[in-house]
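In the two complexes below, chain A is the common chain; its partner is chain B in one and chain C in the other.
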Partner chain A sequence: MPNTKRRRLVASAVAVTLGTTALAACGSSDDGDAQSGPVSLTYWTWTPGMDKVVDLWNKGPGKKDQITVTVKKQASGDTLVTKILTAHKAGKAPDLVQAEYQALPTLVSNDALADISGEVADAKGKFAEGVWQQTTLGTDAVYAVPQDIGPMMFYYREDLFKEYGLKVPTTWDEFADTARALKKKAPDKDLTTFSANDSGLFAGLAQQAGAKWWTTSGDKWKVGIDDAATQKVAKFWGDLVKEGAIDNQPMYTPAWNKALNTGKQIAWVSAVWAPGTLTTAAPDTKGKWAMAPLPQWSASENVTGSWGGSSTAVTTDSQHKEAAAKFAAWLNTDRDALNALAKESGIYPASTSAQLSGAFTTPPEYFSNQADFYTTAAEIAETTAPSAWGPNVNVAYTTFKDAFGAAAKNKSDFTAALKTMQDDTVADMKKQGFEVAE
Partner chain B sequence: MTSTARRKSYGVKGAPYAFLLPATILFALFFALPIGYAIWLSFRKVQVSGLGLGSGARKEVWAGLENYTDALSDSELLNGALRVLGYGCIVVPVMLGLALLFALMLDSEKVRLAPFTRLAIFLPYAIPGVVAALLWGFLYLPDVSPFYFVLDKLGLPQPDLLDGGPLYLALSNIAVWGGTGFNMIVIYTSLQAIPAEVYEAAKLDGATPLQIALRIKIPMVAPSLVLTFFFSIIATLQVFNEPTTLKPLTNSVSTTWSPLMKVYRDAFGEGDIYAAAAQAVIIALATLVLSFGFLRAANRRNKQEAAR
Partner chain C sequence: MSSLALRKAAPAAGTTPGTAQGPPLRRRIALVPTVALLLGALYCLLPVAWVVIASTKSGSELFSTFTFLPGTGFTENLSDLSAYRDGVYWQWMGNSALYAGLGALLSTAVSSVSGYALATYRFRGREAIFNVLLAGVLMPPVILAVPQYLLLAQANLTDSYLSVLLPQILSPYGVYLSRIYAAAAVPADVVEAARMDGANEWRIFTRIALPMMIPGLVTVFLFQFVAVWNNFLLPFIMLSDDEKFPITLGLYTLLEQGANTPALYTLLITGAFLAVLPLVALFLVVQRFWSLDLLSGAVKS
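Take a look at the complex of A and B:
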């Protein structure tokens, strides 16, 4: 087995550098779940304030069970996946990791995540079905416990909508009309922008339209990035950019912050975590924004996509999988833990019972004008469409950034960019040896 | 007595090796080993079977030259190289030209406030590349830049510096701003090393300051010019910080804008360290050939001139 051989090579190289301590650590094997006695676990997470939440565990239930968790703060998202995979290759991944839902297939495909179905089966009832399904990848295994979710919503400047006589769009057709109406009344303003620098936004919009980017049939993957639903979404935004009804500059830039803060852009298609972003991006417009459900593709529908959200997973390298799974379940289902997560880290919990309790009984400070913010949010969260992630989401996401970035810049055909995204994703899967159905 | 002498000579004989040992070990561990590992990886690839889920579904296999043929036939890598070439055609001449000009001006007799000026020109070099790129990035963004504010108030045209051709100027400007000072110091130091008699003789012959600069100073600092050119070529081929920092600000910089950015994307964005390793080896070889090729050509010319 080449894998073992290489692992040994790395292990000996590390041992030469670090001496015998490293050797001893590498030498231990994967068993030993049923050990008793004190256990200490390492947890890689990017959630701010997680150390305070983990303190609750270490002083409470963890103390009783003699399980101590140490938080190692990480950079977010994509970079952490690479880091986990690299650590896993050396057989030294931490016990617990935070992972975005779309990264789970990649991690599972690299055999980095342990099946914890035996330990966390009880938790299933605490989550919406569509959320839980993301952690099972449609199998009998469970690879993670959901932590937070990002149901998508429509944010807009209530005062400016009134000033320009605009109605909150309930369908995407109305959304387009609203963009055009605003351009007519105030040519230097934009309803919003199409940004190509966060692939999660586009993925969420496609998900709402009913796209299933990765599905399996038998032993084969099917890639549906270029399916009818996604084409519809791509064409819709492409046309808006082309006719100049909305802006084409990326989000999260100083210019974007300024546009939101000065009312040059008066709406934002975002997710439940938007209040946090708006607080830093547009501090002067606090209390002037409002949140509404995402526009629909047809008036009779009521469905949303998700943008962001993550889970807590146990790695295959962990020596104490049972203890780690116990902590993961506590962190994401216990009332005190979830309250602390909301307070210290500002996350929106995946656990349905937590979505209306504790911190979520009052609106976020930025939206103090919208008393029912979290009641509405919980209702919207229930309508989240199921998602379908595959083993190379990272490739699809990077291709999206380049292809759609260029298309937005040139105001060219978005469906051609979508085709590039599909082709590159399939080519990468084939190169790796996945069976891909045509 | 004899035995002591023998032991002594024995020790002396071994001494060079003992002195070499730390350097050799460090070189092997932190230089040769990682490079060797990268080359090894570049001949490997991942082979997935079936759906690729679960344990044992993914293994590393021998790939032969596949990663290399893929990289060499990848138009994006070539385009990146061409973009960097265009960028280098602006950066290197402008940066070295300015560095030489500043060095000559500082070296002239009439200059005032020389230490202060020298420091002021050198200072940008002390600013980390990422910080410099961020700083300039903010100045390039029309909505937040004070330059655009002034242009707007004066009713002058406001070019989009983060798109098309101007993007190359914008990126080059960051490199020139940061790199001129360092190159100026290198050239200036070698100007200072020219003996005063040479100037005296020139003056006695009636040479003007301009003639002294063109006929004496520049030829005499030619070795430093070669050196700075050599460094600049390497820095240009490895450009990464500036475009990576500007990337989030504009749609015009793709994740594969420069060859090194593509290596980074393949390794850390797409998780294909094998392809990235092959590309890194190719870039390293190209850099080696280009920079040492230039050095050899320059040396040969020097020798010819010396022979004349």
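Take a look at the complex of A and C:
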């Protein structure tokens, strides 16, 4: 309560002192939206430290434009999407929401996100094409501004690779050979594990192979989860698990942490945010890891997938869409904002200009041995393959966890699990009333 | 079959049949329930022990040292937790205490009045009301959360303390329990006698029936307190301002920090451990009211 009162007080004080200049400034750039007087926006986000970044806005550009943003910190994940949709049903969704890229089609198909192409079109040039395309869903509309990305990379124990005489794999074939070579030299160790408890990893690997899980043609959706590219990925990992070349235990468990920390597993296919995870999972091996580009399907290729990442979107319930879009653009393209996001929240920015400045001029502490960590990361990020998300990614992800989890545990056929994933996803889309082309 | 025959034959072989074989037989029977109960206790207490021990471990010890080896970081975890976002954890704790304490108190008040009324008065539709309540008992509160959200949204009450308190006040199970308890603990003779002495109905309820119902109401309060304290979905849907979050929701935000950010495990575990303490304390304090059950009773038969 006191908070809102104070905010109103500040806002009206600002209105008196800056009123004339601010209005004059607005008049030229805005196309006459009903934007008179101070605007107050709410923003649902899970990014830690976002309140501090938003403070910069409220004290800087926001103060000038009389747009105050209030952060309401949320828990991330599918549950937040459900919460946004429930709030939207009551017409009470916040002005701004943070949304993972794969959640955008779900939100858009429920008419929860506003098209802000008019306000943020200028920002397009600041992002890699594959990243920006995720916020347009292949249309002329723009439903969000990219915030952070998770280009995938290959992490390995530099010291142990040397000890066992292993070469960093550049193709997936080499990757499989490396796994086998390690098994021969040290049977109790594994190169890595295939884990089914984070679907984003598999989705990213499929994306690298060129899979397009959801596409549209006309009014119809086409689901390509069981396409040739994904089959290739599924078979590759399934075979490795089956022959025992890699482990089949899930990641993010205490046992997994221990395996990384003690060097039982010596590599991890992950994304740019891995240093943070490794810091907590394997504290004793700090400085012993190195990062390399993801292995490729053929030596001539140079693509990577993405695992994680999110965007800032404006809801259709917002009364001040223009102001909200302005904030979303500032948050994800402004130099100071991006520096603060990197410092306070530890995110890897989607904006290409920010990937080499500020916090990203020195490597993460955990990787202090790899001076060019972020230069390499930026180069890898540029090669991110486009992704194609559909309106029921959550269903596909849940089936993935169940079907592939069981297949990994039983070391059974991964392509059968992929078929299940395809069938369940299509069945759910039909149930939801989408037209699906067979 | 044969072993049974053998066992039956055994007493006959002994010099003092019955007395010698009786006690061991009885002890053997008691072994199974004892083991089952011990296993049950272990099943319940092991995770608690895990939380207690894990909360003493620092971030680097958490996953690397032996699971049941106490760590060295408890005070550090505690101060980190208190420092997290300017002590928002204690705000969550306070919110939970408010939701659960006030909510359970109001709920018990409503339950006692309605339960008493349903037990003592005969009126048209009494059974119908009671049956609807019974149906309510069978309805999991989870499925009501979204409709309740949409209703409260129309009244502009979402994202407020009231939005979490209001739906929890009426507890069908509490009313049901109160009715059963009032029917058993408040004899019609006593109510009748009070009426003869000229007490009005409200006075009969507050001065005579209510004290008799206390042990039952303590149970209702406790159940409701635990239910609200552990409730997740209702506050999750109702609240968006994390300063109004109860502890369950707060801990969830520590866990789900986004795919790119590792969960704050040490804070989460320490927070979970502290969140259990009020419930444990409440049970220990309130336990004594249950023994009243045996002593109470106004009519000697």
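General remarks:
In this text, the second predicted complex is superposed on the first by the 405 of 438 C-alpha atoms of A that agree within 3 Å, B and C clash if a C-alpha of one lies under 4 Å from a C-alpha of the other, contacts with A are read in each partner's own complex, and residues count from 1 in each chain.
Quick note on the criterion: contacts are C-beta pairs under 8 Å (C-beta built on N, C-alpha and C of every residue); 3 or more make two chains touch, one makes a residue touch a chain.
Keep in mind that what you see is a predicted model, and the values were worked out from it rather than measured.
When both complexes are superposed on chain A, chain B and chain C occupy overlapping space and clash. In the superposition on chain A, contact is made by A:Lys258 with both chain B and chain C. In the superposed model, A:Asn197 lies in contact with chain B only, and not with chain C.
When the shared chain is aligned, chain C comes close enough to touch A:Ser310, but chain B does not. Once chain A of one complex is fitted onto chain A of the other, the partner contacts of A:Leu418 are absent, as it touches neither chain B nor chain C.
When the two complexes are overlaid on their common chain A, residue A:Leu338 makes contact with neither chain B nor chain C. Look at A:Trp46: by the touch rule set out above, it reaches chain C but stays clear of chain B.
Of the two partner chains placed around the shared chain by superposition, neither chain B nor chain C is touched by A:Ala99. In the overlay built on the shared chain, the residue A:Tyr348 is in contact with chain C alone; chain B does not reach it. With both structures placed on the common chain, the touch criterion links A:Ile266 to neither chain B nor chain C.
Annotation: chain B segment clashing with chain C after superposition, chosen from 44-52, 170-178, 188-196 or 224-232, is 170-178. Residues 79, 254, 258 of chain A are contacted both by chain B in one complex and by chain C in the other. On the chain B side of its complex with chain A, the touching residues are 29, 33, 45-61, 138, 141-144, 163, 248-252, 254-256, 265, 267-272. Residue ranges of chain A in contact with chain B, taken from their complex: 1-3, 6, 13, 16-17, 78-79, 81-82, 85, 105-106, 108-111, 137, 139, 196-197, 216, 219-221, 248-250, 252-255, 258-259, 264, 316, 391-392, 394-395, 397-398, 401-402, 405-406, 408-409, 428, 431-435.
Note for the complex: chain C touches chain A at residues 59-60, 62-64, 67, 85, 146, 149-150, 153-154, 158, 236-237, 240-242, 249, 252-253, 255-262, 265.
Note for the complex: chain A touches chain C at residues 42, 44, 46-48, 51, 72-77, 79, 83, 86-87, 89-92, 94, 100, 148, 150, 198, 200, 254, 257-258, 261-262, 271, 273, 276-277, 279-281, 283-284, 307-310, 345-348.
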